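Two complexes come next, and they have one chain in common, chain A, joined by chain B in the first and chain C in the second.
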Partner chain A sequence: MIVVINGRDLHARPGDSLLDLARRTGIDIPTLCHHEGLEEWGGCRLCLVEVGRPGGHGAARVVPACLFPARDGLRVDTDTPRIHRLRAGVLDLLLARCPESDTIQELALQYGVRRTSFVERKNPDKCILCNVCVRACAAVGANAIGTAGRGVLGEIALPFHDDPAACVGCGACALSCPTGAIEMVDTGFTRRIWQRDFERVRCSACGRPTLTRDHAAHLAGRTGLSAESFQVCDRCHREQAGARFLDLLGK
Partner chain B sequence: MTRALTSVQALGAFRDSLVARRDPQKPAVSVCAGTGCVACGALKLGDALRQEVDQRGLGDKLEVRINGCHGFCERGPLVVCHPQGYFYQRVQPADVADIIEQTVLAGKPIERLQYVDPVAGTRAVRQEDVGFYKHQLRWLLEYNGRIDPTSIEDYIAVGGYRALAGVLGGMRPEDVIALVRQSGLRGRGGGGYPAGVKWAQCRNAPAADGVRYIIGNGDEGDPGAFMDRSLMEGNPHLILEGMIIGAYAIGSPGNPVGYIYVRNEYPLAVERLTLAFQQARELGLLGRNILGTGFDFDIRLNRGGGAFVCGESTALMASIEGFAGQPRAKYVHTVERGLDNKPTNLNNVETWANVPLIVEKGAAAYAAVGTGDVSKDPWGGSTGTKIFALVGKVNNTGLVEVPMGRTLRQIIFDIGGGIRDGRKFKAVQTGGPSGGCLPESSLDMPVDFDHLAAAGSMMGSGGMIVMDDGTCMVDVARYFVDFLVEESCGKCVPCREGLIQMSHLLHAVVEGRATEATLTQLESLSEVVRDASLCALGQTAPNPVLSTLLHFKDEYLAHIREKRCPAAVCQALLTFTINEKCTGCMVCFKECPAKAITGEKKKLHVIDPAKCTHCGVCRAVCKLDAVDVR
Partner chain C sequence: MNKRLQVTPARCIGCRTCEIACAFSHPAGGGPGPTRIRAYPVKPPERGVPVVCLQCDSAACVRVCPTQALVRDDRTGAILVAEDRCILCRACVWACPWGNVGYDEGRKVIHKCDLCAGDPQCARYCPSRALETFE
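And now, the complex of A and B:
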C-alpha cells in the first residue's frame, strides 16, 4: 500500500492512520490530543492535512491525520498554505483560551502567532479540553475523572466536582497532559492530586517512594497478582528483571 | 385486543373487517391536538365535546376523534366535521353546543367558525378551500387529521401496514432496496444522502456476527421546527412501518433490534411511539415472526437528554451507547461501523415515514413528484414531498408539506399567506441554526437539497423562519451563533473556541464597538470553523454569518460606520427622542430607570442621550406614540 505524502511514495501498513505513517517516516505533523497509548480523539484539529479526492479530481479535502486511514494511492499534503492557515487559526483560538500555556505559545509561534487576535478567556488555566487525561484514566481502569458541562463551559472534573473516591493517585492524567494543566505534588511519601492525599509505597529494594498504595491495590486487582508484586519501584524492578535474565543466560 | 395476525392474508382480512364495521357516513368531529392547538386549548375543547355528547346521549351516533397535528397552527384549535368535511378554526369550548346542533345534527356549516381569506375575503367551507392547504401536497401528513394516533386499528383501516405486508409477502430485500433507490428518496434529516444507496451499503457491509442496526432519528432540535414531532405524535405507525420495512431490506439476523431516538422534551411523542410499538407487538406486526413470515424485528425507544448535537448521527449513536453525546469522525462510515461498531443504518423519522408510501405508490410515481432526474443517478434530483415548519413573520404559521421544488415564494406567499401586518419580506432562514439566510432575490429558487446548498443555505430538517423588515440580520446571525455556542459539545477546538469568539465579534457589531477589521476577522474565523471542525454542527455553524455577510453586508456596515441599526433592533445603537405628540403626562418621566428624561407637566419632555440606556421603557409606556426610535 503506497501513500504519497508531500510527493514522497511511502509504504503504509494495514491499519495505519496518516499520522502513524507520517511519524514513522519522519514527517512532522503537530498534535495535542494524540497519545500513543490511547484511542484517537480527533479534537485538537492540529493534525489536519489535505487529501486528494479519490480519482484525483475535485478540490482536496481537509481531514485529521490521526483518524484518517491510509489508503493505497492516496495523495496527502501536510503543509499547504490552507493547512498552515487553519492550524494558525486553531492555535490563535487555543492561545485565547490558554494564554499562559508555554506548550501553546511555542506551537503558535511556529505558525506565526505571537499573540492571540481574539478575546482572552477570563481566569484562564492551561486546560485545552483535549481529553487525554480522561482517556488515560479510563485506560488505567479507574475512570475517576470526566468532562463536566458542555462546550466552552466544559471542564475536566471529578464526579460532582468533589468526589475523588475512584482516583488511585497513579498520576497518569498529569503525566499525559500535553500542557501540564493538572497539578500533582509529590512530597516525600505523600502525593497530592485531585484534592486528595495518597500514601506512596516504600520500594522494598531501594527504599525510595514508588507508586501509591491505592494504585498498587488497583493493579493487583486488575492483574490478579499480589499487592506485594507492586512494592518495587520501576527502576529496581528493571534491575531485578535484568539480573534474572542474566541468570537465565547463565552469565 | 385482537389476537396476533399470523399471516399476510390475515392482515387483509382484519382490515376488511375493520372497514366493514365502520360507517363512512357516521358523523365524526376531529379535533387537532398538535402542540400548537393544545397550547390554544384543544384538549379542553375535546373534553367539552365528549361531555356534550354524553349529556345528549349521542355516544353511538357521533364519534369524537383527537388527532395529531393538522398543520394550520396559526388558526388553532382546528376542528373538522365529517362526513361533510366542514373545516372550523379557532374553536372554543363555548362553540361545542352549536357544532353538535347545527353541524352534526342538522348538517349545516357554522359561518362564524369558518376561515375567511384575509386578502380575497372568501369563506372556506372545507379544508381544501383554505389557501394554506390548497397549495400543499400532503402525502405524509394525509392521515394526521383523520386517524387517532393511539389507535392501530385506525391506521390499519386507512391502509396501514399494507406496504409491510406486500414487502414481507413477496419482495426480496434486494428488491426493496432497489425500489427505494429508484424512488430517489434522500435523507430528510438534512444530509440529503440517497436512502437506497445507504441501505445497500449497510446491507453489504460485512457483519461477522450478523448484527446490523437500524436507527430512527427523532431528535429534532432546531429552534422553531416541529416536523418530526408532528409525525411522531400524529402518525407513529407510519414511521414504525417504514423502519420494519427498512430492517427487512437491510437485514440483521444476528440481533434483530432497532432504535428510535426521541428527545425527551417530546413526552407525547415518546408516549405515542411506545404505545404504537406495544400495539404492533400485540398484533404480530413487530417482534418475533412478523405476520407469520419468519421475519423478526423489534424496536427500542431511547430518549435524548436535551443536547442539540445528538441529532448528529455519530453523537446520537454515542448517546445510545451510554456515552456523552459527542460526534466521532466518520472516515469509516457508520454503515460499516456505527452503533457498537456494527454496521448501522440511521435515517431521520421523516425519511422512514416515506418508505411505506414508496412501496404503495411505486418508485416511478413517487419520483414523478419533485425535481431532477433520479432514474440513473440517485443524486440527480430531489423527489417526493418535504415537510416544513413555516414560522416567523408570516401570516399562516404551521406545518406545510409540499412537493420538492416548490419555490420559496410559493411556500411563503401562497401557503404562508405573505408577511404579517403588511410589512415587507426581508429574508428566510432555512435549515435550522446552521442554515443560511436567503434574501428576496432567492424567492423564486426551487426548494430542494441541491438548490438550497448552492445558495449557501441547506435543507436541514425543514425549519423555515420568515423575517420581515423589522428584523436585524446582524442580530439574527448573533442569535444563531449564541445558540450554537451553548450547543457545541466542546470536543473539537474550532467549534468550541471559534464559536465563542464569533459571538464576541458579533456582539461587538451589535453593540457598536466594531470596526471594518472586525468583519475581516469574522470572515477568516468562519473559514477556520467551517473547514477545521469535526462534525456538521461546527462545519455549518458559520452559515448564518457568511450568508448574512453575503446578502446583507450593508446592514453590518451601517452598524459599524454609522453606529446605526437600520431595523432599529440592536438596543445599544438606538436613539430615543420625544416628538411633538407629547402632552407632558409625566409617565415616561416617572418610569425611566436611568432618570434620563426631563420635563414638566403639560410641557414637551426631552431625553438626555448621555444618560439614556436605550432600554425602551419610555416608548413602551407612552400611550401617545410620542417616543421615536431610530
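And now, the complex of A and C:
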C-alpha cells in the first residue's frame, strides 16, 4: 500500500492512519489530543492535512490525519498554505482560551500567531480540551469525567458538574494531563481530586500510604487479582519477595 | 547481543553493586536513575538476596495495564514500558506481586527491569556470580 505524502512514496501498513504513517516516516504533523495509548479522538484539529480527490479532480479535502485511514494511492499534503492557515486559526482560538499555556504559545508562534485576535478568556485555566484525561479515565474503566459545555464554555467536568461517584481516585487523569490542568493533592492518607476526598490504603507492612481504597477495589474487581494483593505497597512486596527467597534457601 | 539472566540467590553477598550498575545504566535527569534491581543484605554473615523482575509469562503488570503499555520484547524476552502508551494509572505498580515495577514521581514515568536490551549490566558487575548471563 503506497501513500504519497508531500510527494514522497511511503509504504503504509494495514490499519495505519495518516498520522501513524507520517510519524513513522519522520514527517512532522502537530497534535495536541493524540496519545499512543488511547483511542483517537480527532478533537484538537491541529493534525489537519489535505487529501487529494480520486483522479485529482476538484479541490483537495481537509481531514484530520489521526482519524483518516491510509489507502493505496492516496495523495496527501501536510504543509500547504491552506493547512498552515487552518492550523493558525485553531491556535488563535486556543491562545484566547489558554493565553498562559507554554505549549500553546510555542505552537502558535510556529504558525505566526503572536497574540490572539480574539478576546482572551478571563481567569483562564490550563486545560486545552485535548480530552486525554477523559479517555484515560475510560481506559481505566471508571468513566468518571467527560466534556461539558460548548465553544468558549467547553470544559472537562464531572457528570452534572458535581457527581464524583464513579471516580476511583487513581489519578491517571491528573498525571497524564499534558498541561497539568487537573489538581490532585495527596495529604497523608487522603487524596483530594475532583471535589472528593479519597482514603488511601495503609500498607499492611510498612504503614505508608499507597493507592486509594476505591482504586484497589476497582482493580481487584477488574483484574481478578486478590483484594489482599493491593494491601501491600510495591516496596514491601519486593522486600517480602526477598524474604521468601531467603526462606527457600534457608539462609 | 541477547543474553539470558540467571539469578542464584545463594551466591549473593548483599553488596548491592547490582543496584549501582542498574542505576548508572538507566540514567535520568543527568544522573543515575532509580534502580530496577534490589539486593537485600542479611547479616551476619555477609549474605543477601537479589530481587529483580522475573519477566513472568502471564505477568500481572501486563494483565492490569489498560493501554497495553507493557509489551514483551520478542528478542530479549523482557517486558518493556512503552512510555508513550502509558497513562500513569500505576495499576502495574500495585499489581506486581514481587514489587518489581516502580514509579518515578519526579519524572512521572514507570520503570522496571528491561534486561538492558539483552545485556544485563547488573550481571556484568556482580562480583559473586549471583547474577550471571549466558549466551
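Please note the rule applied: the second predicted complex is superposed on the first by the 205 of 251 C-alpha atoms of A that agree within 3 Å, B and C clash if a C-alpha of one lies under 4 Å from a C-alpha of the other, contacts with A are read in each partner's own complex, and residues count from 1 in each chain.
Convention: a residue touches a chain if its C-beta (ideal position, glycine included) is under 8 Å from a C-beta of that chain, and two chains touch if they have at least 3 such contacts.
Note that the structure is predicted; figures quoted are calculated from it, not measured.
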{"item": "Partner chain(s) touched by A:E36 [first = chain B, second = chain C, both, neither]", "value": "second"}
{"item": "Which of chain B and chain C A:H237 touches, first, second, both or neither", "value": "second"}
{"item": "Touching partner for A:V62 - first (chain B), second (chain C), both, neither", "value": "first"}
{"item": "First, second, both or neither for A:P159, with chain B first and chain C second", "value": "neither"}
{"item": "Contacts of A:S229 with chain B and chain C, given as first, second, both or neither", "value": "second"}
{"item": "Chain B versus chain C as contact partner of A:P99, first or second or both or neither", "value": "neither"}
{"item": "Contacts of A:R45 with chain B and chain C, given as first, second, both or neither", "value": "first"}
{"item": "Complex contact set, residues of chain B against chain A", "value": "307, 324, 328-329, 331-332, 485-494, 496-501, 504, 521, 524-525, 527-528, 531-534"}
{"item": "Of chain C, residues touching chain A in the complex", "value": "9-10, 38, 40, 42, 47, 49, 51, 60, 63-64, 66-69, 82, 84-91, 93-103, 108"}
{"item": "Residues of chain A defined as touching chain B within the complex", "value": "41-45, 48, 62-64, 67-69, 82, 85-86, 89-90, 93-94, 96-97, 117-119, 128-129, 131, 146-147, 149-154"}
{"item": "Chain A residues touching chain C - in the complex, by the definition given at the top", "value": "35-38, 132, 136, 139-141, 170-172, 175-176, 210-211, 215-216, 219, 222-223, 225, 229-230, 233-243, 245-246, 249, 251"}
